[in-house]
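Common to both upcoming complexes is chain A, partnered first by chain B, then by chain C.
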Partner chain A sequence: MEHKNFEVMTGNKACAWGVKLSRVQVASIYPVTPQTTIGEYIAEFIAKGELNCELVNAEGELSTQAIVKAASRVGARTFVCTSGPGQLYMHHPMHGTSSGRLPVVMATVHRGNKGMQPDHTDLMSQLWTGWIQWYCENNQEVLDSVIMAYRTAEDKRVRLPIAIGYDGYILSYTSEPVEIPDQAMVDEFLPPYEPIPNILPDKWAEAQTRRGAGMMGDFMSGGADPQAAWRIHHEAILNSKGVIKEVNEEFGKRFGRKYGNGLVEEYRTDDAEAVIVAMGTIASTARVAIDRMRSEGKPVGLVKLKTFVPFPTEDFQELGKRTRAIGMIDRNVCLGLGGAGFGELRRALYDLEERPRILGFYAGLAGAEVRVRDIEKMAEKTLKAARGEKVEPIIEWAKLGGGE
Partner chain B sequence: MSERITIKQIPLEELVITPGSACQGCGAALAARLAFKALGPNTIRHSIPACPDNVTRTPTSGGEFEAGGDHVTGTWRALKALGREDVQVVGFYGDGGVYDIGFQSISGAAIRNENVFIICKNNEAYMNTGGQVSGATPQLAMTTTTPVGPMSRGKPNSRKNTPMIFAMHGVPYVATASVAFPTDLIAKIQYGKGIKGFKFLDILSPCPTGWRFEPNKTIEVARLAVQTGFWPLYEIIDGRKFRLTYKPRELKPVAEYLKLQGRFRHLTEEEIKEIQRDITDYWERLLKLDEIGEILL
Partner chain C sequence: MIEIRLHGRGGQGAVTANEILAEAAYYEGKYAQAIPMYGTERRGAPVTAFLRLDEVRVRERDLVHNPDIVVVLDPAIAQRPSILEGLKAGGLVIANYPHPPERFPLGGNFRVTTVDATAIALETLKRPITNTAILGAFSKVTGLVKVESIEKAILHRFPGTLGEMNVKAVRMAFERTPAPIQAVGGVKEKDEEGPLSGSGYGLIRSAAGWRTFRPVWNYEKCTGCRICWIFCPDNAIGWGEERPTVDYRKCKGCGICVNECPTKAVEFKREEI
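Here is the complex of A and B:
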């Protein structure tokens, strides 16, 4: 660990470095802002002879996803990336990738559904596709998450695709120092990928005996329990929580960095009466706001939510027992229903005997800038709720742009 | 160019699943039987929604209807990355998946010259869903979505010339085939198998159910399609070298082909004459290409 290799790089370059260090064998790309430069960096690594990877310049995002799905089934480690409208166009084959239990890793560089600017509605609109979803806070986390994602996705207990979301522009095109892990250490951490089942002609007969065990997600085959494909897939995602935590722990031991417990990262929550929950880059801003309020003696804390699918229900239930109010910042809205985080949080805490109050804030949609003071206001309101004061409305569109 | 073979040279090994999911007299099932005899077992077959769907014993992978060209691309690139270039990658798709919804992805695979074989079991409509019109449906044919009535004479426009479109991608090999000419079909697959790069074979596969003829007439219908010039047999190398692989001295009247099928039963003598004019015209153009051995584009 003595000779740390730092480079100042954009989030998209950090992502490409993660791909390179993970020795990805097939990558499929198609340009869409703000994701495009990931593919350019990968292409450069290949052109320079630094990465041995089949790069497919595909004819659309639907194609990029279908290509890596097919390649993963044969047994190659695969990578694909997208943004906003590209993510929406990719929707159909994403179901096949997860139903086929294929460990594809995808970067979603957030671009909202109502313009070029970032929010989480692109990836959130894929909640029903059966993918694991991670959200990143900074460029270092982007690089590290790619490596951790392969290790998690390819684990025999998981076998699911993972989408890594990070905010467009704020990270994708902004440079900051990133430590590049040592290749030999990554190789040790990340063993080669073996497909299950194997569809190579010489291994097909053996693979056939595994069909029906749920690994192929044979949704057309029916069988005794027509719901089995859904149930098995759902349970597999829920069961991945333990593996995500393990992988995060081991990554921490080997590389000296980890991200909370892999699902959530708590900050100054121990004695907090009120807690703010944030995702992606808003978590960085929120950390500053919490520090400022703590210096004023206000008992507030932060939970950075990294893994949205599977939702860290248990972690929040534990938190819910020792805090009086939680304010969820949603950089997304499921139109007509509400923020995805708010809904999940309430679902997770409903069964607690004494549940905290849960407030919702829409913030940062369509690239709206969320400042420290904005988060302080949300935390103040949450603290009021924690202290039994009347707060209205419970869910609000944060009024942004105050006083910084 | 493919070399002539005899019936005795057709491989004996059967790779199709019997009885499979096909109707009696299914041309596409026969296309699968013949094609995979020539392809052999060291093959990964991709399938997309098509009729019949469960046809061969080879390893099979598949998925989205629109992504046939991508499935073969991903499989081929992974095989290359894993050092398993010995395995053939075949997309065995219907005309909907090739001519219409999957056209973009197959065009992408063609332009990248992926080392894959796309075989179209062309029954000229969406037979899997009950016979709706596709880009491969010939003009004036009746389908369930181009019915015949006082305001409609069947499909209003002509079929997409997909083999020629793929040839214009400049790919190594494009050919047409018919289940009534098995040695020609197999010779073309054997030839394509030996080429590295994108191969496309369009096999006219009569559908007794959708075309409305008796199941025992499949070969007769398929043969007449070729003998009348309705479905010419040819091959194109590198989008340039051209050869008709079946060249009768004289074409039979197209009416002989049309009158066997219920989907053309409504045609008037005048409409049949129009079809005949189009076919004769196109056949004469192909004869010229054959004579000079080249597509001059």
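Here is the complex of A and C:
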């Protein structure tokens, strides 16, 4: 292994290193397992004089979010982090941060809502809050993502908060070598935050208070459109895809590592008849499953879904044209509706003239262990579907950890 | 890829040992992935940790199910057949155990070596924290990580006197660990620790095996003040006929009673294995 400035560290330490290298000025953190040690590492950096940051202790996550929102508003680069129940408690002010178009970066160390163990339901519960969402597969990606997130969030074409999700325990407390980028190189990549003093359209407040004012015409042309706040926010997220890709490319050029195209990463999808889609650490384990199956001559591939919001619709449509079946692995379930990834994927591909079959798998919820052979089984089933065989059910709760 | 599983008890430092090994391996150019397994954090409760060593980045994110090597930090846990679960045929067990490998109680298709890491820890650290000593044994019998790298990783993590004391423990264990032998003991059918009802934790298992030391009462000195009875965190001390009684199945050997007794009526005695 090539030795640059590596250190063996946990995912939470990698996250704290990302915060330090990004020269965050205000952080507010309330402890909740498995996120707690991020705050401890940041406090240590500050105590040693290595980071000039105001770390604000608050009495709960609702306050931590309100604090970084205010700090960001007055021009500070801000960081907040949480897990599971804390994430849910933070929900309301998260809307305010994103509506204010404030470039707050948040780490969500996944902890499910039905126990201490990880799944993606905590961050998926925030899908309606108007934040960009990224998911990471290893500790290096956690560190790199924090730096890339500030560059993306603060870009004047974006101006939106970004949440970086990574699996609790599986990454938060697992140690592995992580390269610590050079501070000078990070400074070059990520210049100081330049706030825009008044970023809300003047008519916005007026529009929000005048029901029916939309009949007077679009607020841009003088009238007030009560829906404008939602439309503009929605379009801003959709339009951030280009910047996300651009930042990822530039990071790759400067640091020698990038994460697919910033939205998705395809792994051995060339000539693949069937593709599975995975997020977070399941995507990491899935690479081993794909390698094993490829060595047996089975044409399967993997798409790692890194950016869930905005959803990489175009990438999947393009993939959909050259694949016969896609198996979506969801580490979440929107109760009564289904897996968020499955729903989005079908939404993205519905309009294709010839669309692939789309299967759904629930796996890894409440920390259920997902092993290589579990993923092989899912990919096998997807390959069968690609070859026109009847597979049932279309959506299944993966039976994990069975015998060899 | 080499896969390793560590068994210990909360407070013995299995998670730290795992991270030190990972760092030491990394110094030698290996990729290392150290995974801790947390349950309810409780001093004395069994803890497991996993380590993968490879030449390239480890992508598997599941736990280790078929270890090549099992490392046991606790002599009572070392006697339990469950430590052998999934161990590869011909695998290796490195155990903190006060007797030579010939007397190791478990048998099967594996090699085993033992070192009295508790004695070494008591000698060097004055506490039964066996995590660093066992790493000396690991280095010696596996050759996977040089003892110098382990020492460097320890000093990186614990600079100063604490680090040096731990380095001493590592060296002592390195010298005292014999070459592994083919395991000769007979595998017992079942683990011995059966369930036991205890207040506060619902149904719990006997904590008897958790002890390095056992509290012993000297009723001549006891004034019946009930302080030990109030302070025992595991409800192991009962009250009968104006004096404290102890249920050794519940006692985990934390030493709080010894510490709190105002008349020094409770004394700690080393458990024998």
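Everything below uses one rule, namely that the second predicted complex is superposed on the first by the 373 of 404 C-alpha atoms of A that agree within 3 Å, B and C clash if a C-alpha of one lies under 4 Å from a C-alpha of the other, contacts with A are read in each partner's own complex, and residues count from 1 in each chain.
Going forward, a contact is a pair of C-beta atoms (placed from the backbone, for glycine too) under 8 Å apart; a residue touches a chain by one contact, two chains touch by 3 or more.
Just so we're clear, the structure is a prediction, and the values are computed from it rather than from any experiment.
Student: Going by the contact rule set out at the top, does A:123 touch chain B (first), chain C (second), both, or neither?
Tutor: Touch status of A:123: no partner.
Student: On the A-aligned overlay, A:8 touches which partner chain: chain B = first, chain C = second, or both, or neither?
Tutor: In the superposed model, A:8 contacts chain C only, not chain B.
Student: With both complexes superposed on chain A, which partner does A:329 reach: first (chain B), second (chain C), both or neither?
Tutor: neither
Student: Which of the two, chain B or chain C, is in touch with more residues of chain A?
Tutor: B
Student: Answer with first, second, both or neither: which of chain B and chain C does A:73 touch in the superposed model?
Tutor: Touch partner of A:73: chain B, not chain C.
Student: Touch check for A:175: first (chain B), second (chain C), both, or neither?
Tutor: A:175 sits against chain C, while chain B stays out of touch.
Student: Touching A:368, do we find chain B (first), chain C (second), both, or neither?
Tutor: neither
Student: Which partner does A:293 contact after superposing on A: first (chain B), second (chain C), both, neither?
Tutor: Neither: A:293 stays clear of chain B and chain C.
Student: Show me the chain A residues, by the header's touch rule, that chain B contacts in one structure and chain C contacts in the other.
Tutor: Shared contact residues on chain A (touching chain B in one complex, chain C in the other): none at all.
Student: In their complex, what parts of chain B are in touch with chain A?
Tutor: 41-44, 46, 58-61, 63-64, 66-67, 69-75, 77-82, 84, 87, 104-105, 107-108, 112
Student: Which residues of chain C touch chain A in the complex?
Tutor: 18-19, 22-23, 26, 29-36, 38, 55-63, 65
Student: Any idea which chain A residues touch chain B in the complex?
Tutor: Those in contact with chain B are residues 25-26, 28, 52-54, 56-60, 62-63, 66-76, 78, 92-93, 96, 100, 199-201, 204, 207.
Student: Mind pulling up the chain A residues that touch chain C in the complex?
Tutor: Touching chain C: residues 1, 3, 6, 8, 137-138, 167, 169-170, 173-177, 281-282, 284-285, 287-288, 369-372 of chain A.
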